[in-house]
C-alpha cells in the first residue's frame, strides 16, 4: 500500500511561501497559475493539495484548496476559477502537501477517471503521470463537469461525457475494461454519487478487489493536518480524516449508506 | 513559571500560551508545523467515555472573518483515546491537559479515574454543555474531584460564564477557562441548509475579554482567557484584563506559525521581529529583502539583533 | 404588507427590512444617502427621560471585521428629542419606531405617555440593559403598556434573549427583536486603555440567527432578527430561521448603499443586479464598463433587463 | 457664519466611486494620491474630508479618513502614510464631504496654523487658499509634527517648530500678531492640547473674540453623517458632533476641562 511514500510525504508538510510566476487564462471559467514553491513542497503527488492563504486579512478566514495539476522543476501549476485576479509576483502562503497520494496499483494498465459535477483538476496530474507510464486512460466528465475546457486536457486522453444522472453509453464497457477506477465528486453529494457508482460497478463486476474503486473526498479543511476533525469520513470500520487518510478512499471501506 | 491552577498540587507552566481544546488534536498533529515546546501546554480535543461518531452532513461553514464548525465531538471513547495517545503524552514537549466533555457525572468520573493512573497527563479540563446550570457545574466538578488528584480546569460557555464562575470555584475547580466558543447558526453555501455549530474568529476576542474582566473580580482562582486570539497583542489584552494565561484557538488552523509566534512573544523569545525570523534562525542580512525593506521605512527596527542568541 | 407586531393594533410595514436602533440617528440623517421610503421602518437612536451626555474618553475601537462603540446613549432627554424630531417623524418616508432605553419603570412610562400623544410615531421599541431579569422585562413592558396604545417591540440582549423571550411575550410585547448587540472589551490603540462597549460586525449574524431559531419555537408573537446583516443573503438567513422581519445595523455606517440594496432585494425591487444600478436608474448600456464586463465572464447576466421599469 | 456654505455642502454629501490616477512618494513616511472624483465631491472646502473604503472585505471594517490637501479640476490630492501601496487605476468608495468648512473670518489677514503631533494635512488646503488670497500664514509644527517633510509645504509659508510641550520661542509674538488661529491635534490628546493652547493665548490676549481660536476635532467616525453619535464633542452648552458641526470648533465653545 505504498506506506513508505505516505510516511515521507506526511513528514514533508510545511507552511511556506510561494510566488506566483505566471497567470494564464484557459477559458472563461478557468485560469492556471505557475507558482515557484519551497523545495519541501515540490514533491507533491497526484491527490495531494495545498491550503493557500493570499491575504493578511482575516476575511476570508479559511485557506482555499489549491490543487496542483502539474509539477515541473521548482514550479507547480495550479488551476483556479477566474473569479479572482492573481498577479505575477504575488506571494502566497501554502500549507501542505495535504493528504496522501492516490494509491495507483502497480498492475493498473487501463485507468478510468470520472469527474462528477466538478473540475477534473484533481485527476489531471494522475492522468498525465499514468499516460507517461503508457497506461491507457479514459476520463468521463459527468454533469456539470461537461463544461470543462477540452483544450485544457492532455490530447492523448480519451474523453467521454456523462449525463446529469451520472450515466454514459460506454459505462458498462468502461467498467469491464478498467483495471482501476478513480472518481471525484464534490461535497455535499460525494457520498451519494459514490454510492451510485459502487452500485453501478457491482452490476458489471461480481467481485470488486480492495483498492479497485477509489473516490476522492474533498470536504472543507480548516486545518489540513488532522487536528480539527471537521473533515471526517464515516467508514465501515470507524472513521477516517480526509486530510490525513484521504483524499483517496477505497469506496469499499467508506460508509456510503 | 506560572501557576496555572490553584489548589494543593498546582499545575505550573513555563509559558502563558496554551493551545485550546478542539484545535490541535489529541497527539503530535502540529509538531510538524509548530515547535510545541514553546507552548505552555496543549489541551487535547474533547474525549467522552463512550465513542462518538462524527456528525453527518455539513461540518464546516465559512463565515465572514471566521468559521462555524460542527464536528459532533467525534472520538473513539476514553479507553481507546488514552491508549492510542499515551506514548506521545508521556514524551510530549509541553504539558498535556486532557479535555473531558461533561456528558454525565458517571461518565466523566470514570474518565477522570482512568486518567488519574496515567503518566503524562498534567491536568484535566472539563468542558460543559452550553446549557449547563450551577448544579451541573457543581456535580461535574465533584465527579472529577472524587476520582483524581489531577489539577482541574473548567471551561465555561461564553454567555453564562459570569453566572457560573463562582459555582465552579466553590466546587473546587483549580482554574476557569473563559470561554468555550459560542454556538451559532449559518447557512451552508453548498446545501443551502442552516447549520448549527461552534463559531470561531478574531471577533470573539472582545466578547471573551469582557467576560474575563467580569470574572477575575469574582473569583480568586486563576482565569485563563480564550477566544479569538490571533496575534501577540490579542493575548496581551487578555492578560491586561486579568487573565493568568491564554488559550489560542482557531488561528492555529489558518496560521499555524502565529500560535508559535504568540507563545514566543509572550515568553520573551521573539527577538528579531523585523525579519520575522526566529531568534535561533537569525543571521546578518536576513531582513534585507525588498518587501521587508519597504516596511522598515514605516516603522524602524525596534531593537538591534541580540549578540547572544537563546536556544 | 407584513404584520410586524401582534395585538389589537398591529404595526404593518411594506418591507421586512428595518434600520436598527442606534445606527441611523433620530431624524433625516441618512436621507442624503439612502432612499428611506424603501425601508420597512426605522428605529431611532435610544431616548431616555433625562438628558444624557456622551461618554468621555474613547468611544470607538476598530476591531477585526467590526467595531466597538461606546457612546453612553447620549440624548437631550425625551421632551427635547421628541420636540426636535416631531416635524420629521410626521413626514418621514418610512414608519418611525422610537427606541426607549429602559432606565426605570417610572421614566420609561413617562416617555411612553408623551409619545402616545404624538403623531408620526408608529411604535415603541424597548431597549433593555444587558443584565435585565425576567422581572425587569415584565415591569418595563407593563410600564409602557400602561401609558400607550402604541405597538411595543422589545429588543432583548443577545446572551439572555432565549431566557427572556417568553417573559416578554407574556407581559404583552407585540414583537421581540433578537438581539441587541452584545458588549465587549477591547484595547483602544490610541490610549492603550481597555474600553467596554457594544460590538458590531458581520460575525454577529450566526450568533443572532441561532437565538432567533431558538426563540421562534418558544413564542407566538413575531420575532425580528437583528445582528450583523451585511447583504441580502444575510437577511434571508434570518427569515429562513423564522424571523418575520430584520433590522440592519452597522453596515449602514460603512456601506450605506447596502442597507437600501438589502431592502430593495427583499422587497423584490432589485432588478438590474448586473450593472448594480437601481431599477429606476437603469438604461441600455449602463452595465458596459470594463470592470463590470470582467465580472460578467464569471457569472453571466442572470436576467434580461426589464422592458417595463417599475417606479 | 457662512451658514449657506454649510447647508450647500451638507446637501452635496454622497457615497461615490473615485479612481486613483497618480501616486507620488513625498518622503519616507508620506505619499500623495491624485484621485478623480465624482462632480458632487469636487467642491470640498478646507476642513472637510472623506471616509474612504478600498476593499469589499469587512476587515478592515471602518472607512479611513481621507483628507484632501488640494483640489484641481476633477481631481483631489490626498495625503496618506506610506504603509499601504496604492495603485493607479484602483477604485475607492468615498463618502463625503464630511463636516463643515473651517470658518475663516473675512477680516483675517494674518493666520496662525498649529499642528500638534500630527501631519498638518488638514491645514494645507486652508494655508494654500489663504496664501492665494494674500493672507500672511505662519505654520507651527509642534512635537511629532516636526518630522513632516518640509518639501511638501508651500514655499511661501513661514514654518516654525515647537517642542514636545507645545511651546516655541516666537509663541507670544505669534499670538499677538495673528488675526485668527487654527490648530489641529489628534485624539486622544486633542482636548488637553487645546486646553493648554487656550490658556497660553489668554495670557497674551485679554479678550478672545468668538471664532478667533479654532481647533479641529478628528475622532474616529463610524458613520460621518450624524447618526451613530460616536464622534460627540462635549461643549459648554450641550454637545456637538464632530462629523456634522466640526471638525472646526470654536475653542471657546468646547468643554476643555
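Note that the chains are named A, B, C and D in the order they appear, and that numbering of residues resets to 1 at the start of each chain.
Just so it is clear, a contact is a pair of C-beta atoms (placed from the backbone, for glycine too) under 8 Å apart; a residue touches a chain by one contact, two chains touch by 3 or more.
All values reported here derive from a predicted model rather than from experimental measurement.
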{"item": "Third chains touching both chain C and chain A", "value": "B, D"}
{"item": "Between B-D and A-B, the pair with more C-beta contacts", "value": "A-B"}
{"item": "Between chain B and chain A, distance of the C-alpha-averaged centres to the nearest whole Å", "value": "33"}
{"item": "Euclidean distance of C-alpha centroids - chain B vs chain D, Å", "value": "46"}
{"item": "Geometric centre distance via CA averages, chain C-chain B, whole Å", "value": "36"}
{"item": "Approximate Å spacing (C-alpha centroids) for the pair chain A, chain D", "value": "57"}
{"item": "Junction residues of chain D - those touching two or more other chains", "value": "58-60"}
{"item": "Residues of chain C whose C-beta touches two or more other chains", "value": "63-66, 201-202, 230"}
{"item": "Pairwise touch network: line, ring, star, complete, or other", "value": "complete"}
{"item": "Interfacial residue positions of chain C with respect to chain A in the complex", "value": "64-65, 202, 297-298"}
{"item": "In the complex, chain D residues that touch chain A", "value": "55, 57-60"}
{"item": "Parts of chain A lying in touch with chain B, wherever the complex brings them together", "value": "10-11, 13-15, 53, 58-63, 91, 93, 95, 187-188, 219-234, 238-239"}
{"item": "Chain D - residues contacting chain B, complex", "value": "28-29, 58-59, 81-83"}
{"item": "Residues of chain B defined as touching chain A within the complex", "value": "22-25, 29-30, 32-33, 45, 53-54, 56-60, 62-67, 69, 71, 74, 76, 188, 190-191, 201-202, 230, 250, 252-257, 291"}
